[in-house]
């Protein structure tokens, strides 16, 4: 990510708390994410003024108000587009996008996939609570098929997106998933995202305790978690279960993955393989049911960022600078077929 | 797809030609596609009046004017949304969407991925010429990285979408690719798409001889074609080359695919595997370079269409009909706490 | 055993009362208000209500942003507004008191839940000293009631969990108020049975709390007087209390039934319009399809696609959504297909104040598209009027094959009033004729050959054999509808599109000027009808003549409007914007219409308008 | 050996000529016209040109929709329009003749390429008989020339492929016309060298074709007269012929240079605005970044994001694009950040006629957003004026921290005229001050504390230590910019946003009324300046007094406008829409401004306006 212009005195989480009173429902998962992010920020070693949080609209999108950095609470779905303009013209900044499952995947879907395709240098945090929180509980593009909500009393008729599959289909270079309640893991993912050059797409499972409470209980509850949550560690065999007795394997000849008892031929995780087919297969392990849900960094590969290429084109062009801006302008105005009247 | 309300007298290609003069540049690939579609239509055995073509804006989107069916030349990028409203309320119709790489993947990206996610009963034909034709030659989301066009004299800075990967990431149930110039193949793909219940996404490589001439020459030219074009046939080993001497194989332990000399362990193609990881791997075989380009049906799986589920909900609800519409309305108005003043 | 002797209470008659229930978002004030409103309706008073939600889903408990309130105005005559100032404030906590005190007139009754006036809660809202203990409330009649503890006490032997017992305190308050104003409470007890059907213990708890509140009023000294408000003289018939959004949804259902067309709603959730989507999604048995689209553009696009297929296509949203739909609405104008666009206005620009009201989308409705893109615009004047406005919007859209924008706003959408239920048979018949036959010579179909009456083109839906045709957003040749770049044709079509909207017959505007001696006319549109009407009445009662005219149709305008306006010395136009209707009136009729604007997110109070108008009447 | 003796040709002086080159899209008419224009420019005539493209990329050869034309008007005095009616039509095929004949005045010269008048080609456009053979062209002076065959003949010994030889026929035509009007052709020969640098044989071929055309004129009988048009008296200085889109792009480059801010253009291609994107993408060495976004919403969003970061944020589009950008523009209004939105208007509604001109987006620019969302609107009056209009748009945006909509249109965008190049040093200094220091007490930064002069808020860009702050689309408290739902604050902010735009100082409007005796004023805006001006001149020359005023600033309007308008008996407002400016004028000043509208996709001709105005002047 953009390197700091100057190295500041060590900051603390407190330095990243704004003076605004936080206004989420008591118990909302957003609080935990906010705390985790504020706690992580000092690690960046970037002066506050060089950090910008841009969000859309939604409960999640209130986020920037609570960060004592630069920030913009923009309009619904457009944060990636706005952030693209900022990041492209200000490579010295560290630009973060905070969005929700409706903001990013419903109204903002097009901007999201294009930002990922371009590999704009944005760290995109998608708070996925599988519901529209701010508008009081309609289903979202990540809600389970058949979900009964205010707008779908007979159950929703459309199958959800798998946000990671969608991102991978859109050529994302960094794709990860984490959980609001697991601060340590969340911060480890933020760390990896921050280090990634280009778009980093991070899905954060977030509990909306008012309109979709317990959506992720299966992988949060101490009793069930271990049997359903799969922690991906770079270079490590993918095993899970109370005693790591289960493993993710790659059946001979198959393109998908399977979960089996016994960690013998557990697949070794490597987020850096260039072919997205691997990360894609991983992303298919969990659907709406969360039965076997990998978290961690699915994919982390190098590809020149949009910002980088645009900057290079500017630098190359500026090599042709042959005078003061005013002089160059005069030259430009006077180019082409001109004639003079005395 | 929606079955015809009545079986009409056998129609011919001529019956599907409208009275409008076709206005594409001489030599444009769109002519071939138009002829192929008009030639295929009679096979549908659907009366003309039950067929609707809806397009956005672009050279390709002029298509509906030339079809003697119902049709709408709508606005840029919105055809899938408009067609969704039509298809959902009129299951008796056969609804086709004609779009371009800019129309479908740039401005219309969000509607496209949501139509695919919902699995709306639409046959979507994307004419991919890797350029903006109608606006005279700017690059598109499928143009090669570094493409030099009117809007990118220094070369484009963003890597393209792989339309099939994107569609698969968006949960598409039917994904195929074909070529404007190969009428037989094009029609075979149309046939499969028409038979598919739900969204059928068909990418058609189309030559824009004015602004991106020869973009697909490598897989069209009789001299080179055989070495680069891979024809997928359901249940057949995936081999190609003049003497079918090359094959697509699935290296042990890998998630991606490889092209090798020798057809010994050629992978056998099966578009019906439920896990999209296979089709996704296939889609990665060809990038901008077209070096090894599969055409045919990549994926064709069953999932209830949006239309079907919506219709079922309506049918279930109508089971509760307990009077004439007027009576039911009176009942509805009078529900809740009412009081009477005499 | 000596009976407790209950001091007989004096009963006073009132003609009108305004009560505001205020508490934390978690205190169930909306429900309490709703119930009190129903009881009041049963009794036959006229009613007008106004809820006031916090913008946040649930701001931290006990804070000012977390305060939620519900105001109900009821009277023994017909009233037009939820009332300017509450006579009674029920404050469930310090935040509720602080947030609402400023609105109270001197001498108002304040019922406070003393249990919540703790150091911590007081601090939360910046009360240094307890206002119940200093003299800051001297100007009011304060009734301190330990609502929470008394509720818990009353439920002691029902052994419900403390949390649930405490939750029931709003029913205690309701019981108390129901007693104070002699409300019939049977319906509330029944309601509680329905609401908690699955948890009988809660039915018992809440009913007990309600009764406790009632008898607390009856027995304690704190309340020496009990009030009665006699039924209002209202037209005979069956009534129902209804909000604007609910009425609008029902109006759309009615339009579908009366047009015999399936209703398709394409919508993307947005405050304050979402409830229309929620309501319509419940009525599938009417053949209604609701689709929550991926965004507003898809929502209107899908509605247009459905309209193309022969459905009654509708999209519902608020200002930001309409801004996004402009390009597609422009297509609908070119296609000349029926389409209803509902804009429940909220305070802008941009995200603005989503839960507050405003009338500032009129300009966008009239002018907010590229090119010459005229359409019809109408607005409802009250919650129940939303039903009729929706029917009217559908009628215009279907008859004249045009998009119609229906401008509701947060005030009518969430406010409620008694609605005299219409007889279905008396609702307009909206049935339409689809094209079935070719209309040109030699069996050709001309999709843009117009009906000389309505200037509407034929609606030929897919599936109709022999009428296959293509339409689109490019300019079309008159009659044939083929693409045309002919200059004369474009000029003709542009003027035709304008003319056909201008030519839509709409009812003349009526003037209310009982004594027919007014020299000043107040012209309004939409949700300001109530406050303007109330202000005019008050002035007339004080012998100051004033005339009121209110517009339902904003485009086209009523044919007689110019003449009507010309008949007065002065025309005043109060709007919750910076003068958008006034601008149109001035341009159109060249009269010096005076704007009076309030853009605070709140509806006008009758008093504000009364003062302003009094000044105009007196000083011209 | 006897020399061929060339009959001496009569040379006639003309003060003005209008020539239209017309042919198939493939015939290179735009290039031919461009070259003739340059030669004419060299000679010092005043010039105005108007290209006319077919809507299709390349319609079938020889068909009417495939006809492409280029009209050039040049004179020995300063002219204002490309001319109403061509004196000379060059018709490269039957389609070109048929498509343009109606525009010719009786007696006009027609040069036709007889080689193309084959049965097949005649049939394609529905000529039963060859118009060159019947009497249908009797009213004109027809010059039949076998352009194709003569060109091929002339290149016989150059052995270029026949196809290329044939292609060169446009140069033959250019040579002929250059001879007829005594144009200096050196620049054209040089141009051909540049254009075909990679293919020398084509340089030779085209130059030979040009020379052949020239000497054909000189030697053959067909052309007995040769014409001269003397240089016009123009202000001294260096000139360049320029189109509106090119001038607008250069104006934006100049704005970037003069404001010392990097220019960021977010754009999505659309006719007729795309060329601005194309032009700006060539000038990266000025530190300009151009981004072809995924759609118009992303384009304006990215521009806004760049503006937030301290760049000069610009987005360029046409009507349908502006319709999509409304919600984001509304955000920019709430954020009070500089932003330039260029709308190159085309004929609407919906897709309309993308290659035709119109002025019908004024309403959308002024009123097309939800809520009270005021911004500044300006318009250029001619191709070269687009340069200055772009600078002015940037000046207002940067100084007053507001979005500005610049309303160009297809007529100025693609038309061209000589442009007296400005001295860079004399261009306005647009440099801005970013906020560097906290502006509140105890070191607090108040992002909405305004400059009392400009009412603009501080522009504090990310990267500035100590000024970290958050902004957004929710209503903001005055000064602090914190989220606020306070009714009084909202009312204040709404009025403040209106006031700060209304308060932008703009130059007074000037009236052109040489004899100061006019009773009628013609008020125009944007691209109608030329035709209105020409019509006024013609009337004055005929002794009919008339005054002309033209608006560059459409919001806010010039302070003196009301007074100016009040000074005349009648105000006439010609517009290429249904009266959008007239509507504003009527509302604002309550004067009975009369609209004169033409919405045909074509600019007004001077004659049309002259007739209309003559009628007004004579019959009031």
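Order of writing sets the labels: A, B, C and D. Residues in every chain begin at 1.
Just so it is clear, a contact is a pair of C-beta atoms (placed from the backbone, for glycine too) under 8 Å apart; a residue touches a chain by one contact, two chains touch by 3 or more.
None of the values given here were measured: they were computed from a predicted structure.
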Return the chain pair with more inter-chain C-beta contacts, choosing between A-C and B-C. B-C
Measuring between mean CA coordinates, which chain is farthest from chain A? D
From the mean C-alpha coordinate of chain B to that of chain D, what's the distance rounded to whole Å? 39
Approximately how many whole Å separate the CA-defined centres of chain C and chain D? 47
Distance between the CA centroids of chain B and chain C (whole Å) is 44
Give me the residues of chain B that touch two or more other chains. 57, 73, 75, 106-107, 109-110, 114, 141, 154, 310, 313, 316-317
Can you list every residue of chain C that touches 2 or more other chains, as numbers and ranges? 65, 284, 294-295, 320, 327, 331, 335, 350-351, 472-474
Chains as vertices, touching pairs as edges: which of line, ring, star, complete or other describes this one? complete
Residues on chain A engaged by chain C in the complex (per definition of touch): 21-26, 57, 59, 73, 75-77, 106-107, 109, 132-136, 138-139, 141, 150-154, 156, 210
Can you check the complex and tell me which residues of chain C touch chain A? 56-61, 63, 65, 267-271, 274, 277-278, 281-282, 284, 290, 292, 294-296, 320, 350-351
Chain B partner, complex, touching residues on chain A are 106-110, 113-114, 117-119, 141, 154-155, 157-162, 165-171, 250, 252-256, 273, 275-278, 280-281, 284, 303, 306, 309-310, 313, 316-317
Any idea which chain C residues touch chain B in the complex? 38, 41-42, 44, 187, 231, 234-241, 250, 253-254, 257, 260, 262, 264, 266, 283-287, 289, 291, 293-295, 297-298, 301-311, 313, 327-328, 331, 335, 421-425, 462-474, 482-483
Mind pulling up the chain D residues that touch chain C in the complex? 55, 65, 318-320, 322-324, 326-327, 330-331, 333-335, 345, 347-353, 355-356, 358, 360-361, 363-364, 366-373, 472-475, 485, 487-488, 490-491, 494-495, 497-498, 577-578, 583-584, 586-588, 590-592, 598-602
